[in-house]
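In the two assemblies presented below, chain A is common to both, partnered first by chain B and then by chain C.
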Partner chain A sequence: MEHGHEIGSHSLAHFAGLTFNMDTLIMTWITMAIVIVLAIAATRRMELRPRGWQNFLEMAVMYLLEQMETNMGSKGQKLAPLIITLFLFLVVGNELGLIPGFTSPTNDINTTLGLALMIIVIVHVLAIKNKGFTKYIKHYFEPYIPFVVINIIEEVAKPITLSFRLFGNILAGEILLLVLGMLVPYFVPTLWLAFSVFVGIVQAFIFTMLSISYLSNSMQDGH
Partner chain B sequence: MVELNGTLLAQIVNFLLLVAILAKFAYKPLMQILAERQKKIADAIDAAECERREAEQLKLEYKQQLVEARSKAQVIVENAEKLAEENKEEILKSARAESAYILQKAQEEVARERELALAQLRSEVVALSMAAATKIVTEKMDTELNARMVSDFIEKLDDQKIGGLPC
Partner chain C sequence: MGKDKNTLLSAFSTAASIGFYLVSSVAAGILLGRLVDGYFTIAPWGTVWGIVLGMIAGMWSIYKKVVGGK
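And now, the complex of A and B:
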């Protein structure tokens, strides 16, 4: 069970004064490669009548676009590549860890917090761009000045909850899969594996939907 | 286990790289095909709507034509009935005229026959009278008186029995 040692502990690499979790990075690159291959395979010979993988991808993309349209309006279209990529990356990444010998890039807090912070930075940049700097700042002191504390806690909580939810679910899923595999082999781990597939999709979906929701808040002119 | 390091930054870079790659190679054709399909569907719906409206128009026209045809047929039947009625009247009239003519002809024939019979009768009567008169006259009177008597007799016969026919 050498696979068990990989979870939680990382093989480290040092570069330019920074430490990198090499296994996470490798799994990320594998995920990226799979996503790219799938996306290009789906869009290589695009047809008006979708077939096979194109159909599946289109379904997911259409759903995300629809969600963005209802939450953000037409302004959200510019963020569509980001959101779609986020969803595909998370789905593939979450499911990758279920394959023996692989781990999910999303079982590393660095990945999930990185993505969450990126989303939050975009949220704030868009908010400043849309509302103007003074209005953006004023927004934190509404409805009354003391609310600034609550508002800031809320803003800080956003990336933390976003990243820890995904990280926790995926890491716990993988750990439990291994533990169950050792305790009650075959049947129970298989059930848990099937459930983890579902969890992986759901968590990717939640992360994406919350990102859309946060982004849509900063897209609105009012407030 | 929960330990932040340079991976965080690397992951952001990785992800943005992935976004860039997908946006360039997959997103554009996907959006293009989606837009194309949307347009096609919209066109198809428009066309269907147009055709439906046309069909409705045609249906309306056909209905109208059917109503017209029905009323026309009605008129034709009515005309035919009227014509038949007229024909019947005409036939009856000509039949009546024919019968009247035949009747008249028959009456005329009868009258002529009667006249002929009367003429024959008269000549018979004259002969008989002449015979009778000759008998009487040979016994009692001369020939002059005899002729007058016969003539008188005939005159009387004409007035009373035959009705003024000249002899």
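And now, the complex of A and C:
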């Protein structure tokens, strides 16, 4: 392809009976490196009146903290590092694919499903810890006993809705960028590129907000 | 940032994700239905009921999200 990579197909590596998508893996490492560098750059010379990266990161962190405070109360502050890191990883990962020659780690279902499963496992562990095992099991049979099937489907649907939305949006964005680049070069792809920057941030935001919402349900002592 | 803006943005994220609740619930229903089909060898009834229950589950989770505010 023109842009140096094919979207949706991965370069595979086999190791110990497992198959690895090398491009996703390398992009994940690059994303991790960028997030770490951003965090260091923002906190290295902290000033009372923030400028540059410190200003931007402080805005994002303050906003996420406020969201967590509203949804989970003071108990949720324990999860702040997880949520903030998740948001930064997703924002950087989503935008990485817009650089020519790079792909987003989030255009691979393995990455997004992995992140979603991580959130869902934490949700259930916290629910058992906060509500107690009996109350946790009982919650599946509410409001009536036959609702157990529907409640289980709902629980299975949570990681699906989290992962597929992010994966679909990012992959579709990159495919469209490539197709538009071939069909109508320069003007239209530039517009779509600008829109994709917005979509990347919004999708990272929605993933984080839904994670907060799922986690807040499990943080409550009652239902 | 004010509380109104917080509520607005959470409402926005809920609205943006509501369609996916329906689709993913049906997907989960199909997944579980196929598992039931494989286990009890009653194909295609497990999948059929999985789809129906998935649709109900999707509506139920949207109802809870909108009415219960969570």
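The definition used in the following text is that the second predicted complex is superposed on the first by the 219 of 223 C-alpha atoms of A that agree within 3 Å, B and C clash if a C-alpha of one lies under 4 Å from a C-alpha of the other, contacts with A are read in each partner's own complex, and residues count from 1 in each chain.
Basically, contacts are C-beta pairs under 8 Å (C-beta built on N, C-alpha and C of every residue); 3 or more make two chains touch, one makes a residue touch a chain.
Everything numeric in this text was worked out from a predicted model, so none of it was measured.
K.L.:
Is the arrangement of chain B and chain C around the shared chain A a clash or a fit after superposition?
P.N.:
Superposition check on chain A shows chain B and chain C fit without a clash.
K.L.:
For the overlaid complexes, name the partner, chain B or chain C, with more touching residues on chain A.
P.N.:
Looking at chain B versus chain C, the one contacting more residues of chain A is B.
K.L.:
Tell me the contact category for A:Ile160 with respect to chain B and chain C: first, second, both or neither.
P.N.:
In the superposition, A:Ile160 touches chain C alone.
K.L.:
First (chain B), second (chain C), both or neither: which does A:Thr111 touch?
P.N.:
A:Thr111 contacts chain B only, not chain C.
K.L.:
Does the superposition put A:Gly181 against chain B (first), chain C (second), both, or neither?
P.N.:
Touch status of A:Gly181: no partner.
K.L.:
With the two complexes superposed on chain A, say which partner A:Ile84 touches: chain B (first), chain C (second), both, or neither.
P.N.:
After superposition on chain A, A:Ile84 lies in contact with chain B alone.
K.L.:
Between chain B (first) and chain C (second), which does A:Ala39 come into contact with in this model arrangement: first, second, both, or neither?
P.N.:
First partner only.
K.L.:
Touch test for A:Tyr63: chain B only (first), chain C only (second), both, or neither?
P.N.:
second
K.L.:
Just checking: does A:Gly200 make contact with chain B only, chain C only, both, or neither of them? Give me first, second, both or neither.
P.N.:
Once the two structures are laid over each other on A, A:Gly200 reaches no partner at all.
K.L.:
Taking the superposition as given, does A:Thr24 touch the first partner, chain B, the second, chain C, both, or neither?
P.N.:
Touch status of A:Thr24: first partner only.
K.L.:
In the superposition described above, what is the shortest C-alpha distance between chain B and chain C in Å? Please give a whole number.
P.N.:
14
K.L.:
Of all the chain A residues, which ones make contact with chain B and with chain C?
P.N.:
62
K.L.:
Could you pull out which chain A residues touch chain B in their complex?
P.N.:
8-9, 12, 15, 18-21, 24-25, 28-29, 32, 35-36, 39-40, 42-43, 46-48, 57-58, 61-62, 65, 80-82, 84-86, 88-89, 105, 108-111, 113-115, 117-118, 171
K.L.:
Touching chain C in the complex: which residues of chain A?
P.N.:
Against chain C, the touching part of chain A is residues 62-63, 66-67, 70-71, 147, 149-154, 156-158, 160-161, 164-165, 202, 205-206, 209-210, 213, 216-217.
K.L.:
Could you pull out which chain B residues touch chain A in their complex?
P.N.:
Chain B reaches chain A through residues 1-12, 14-19, 21-23, 25-27, 29-34, 36-37, 40.
K.L.:
Inside the complex, what are the residues of chain C that reach chain A?
P.N.:
1, 3, 6-7, 9-10, 13, 16-17, 20-21, 23-25, 27-29, 31-32, 50, 53-54, 56-58, 60-61, 70
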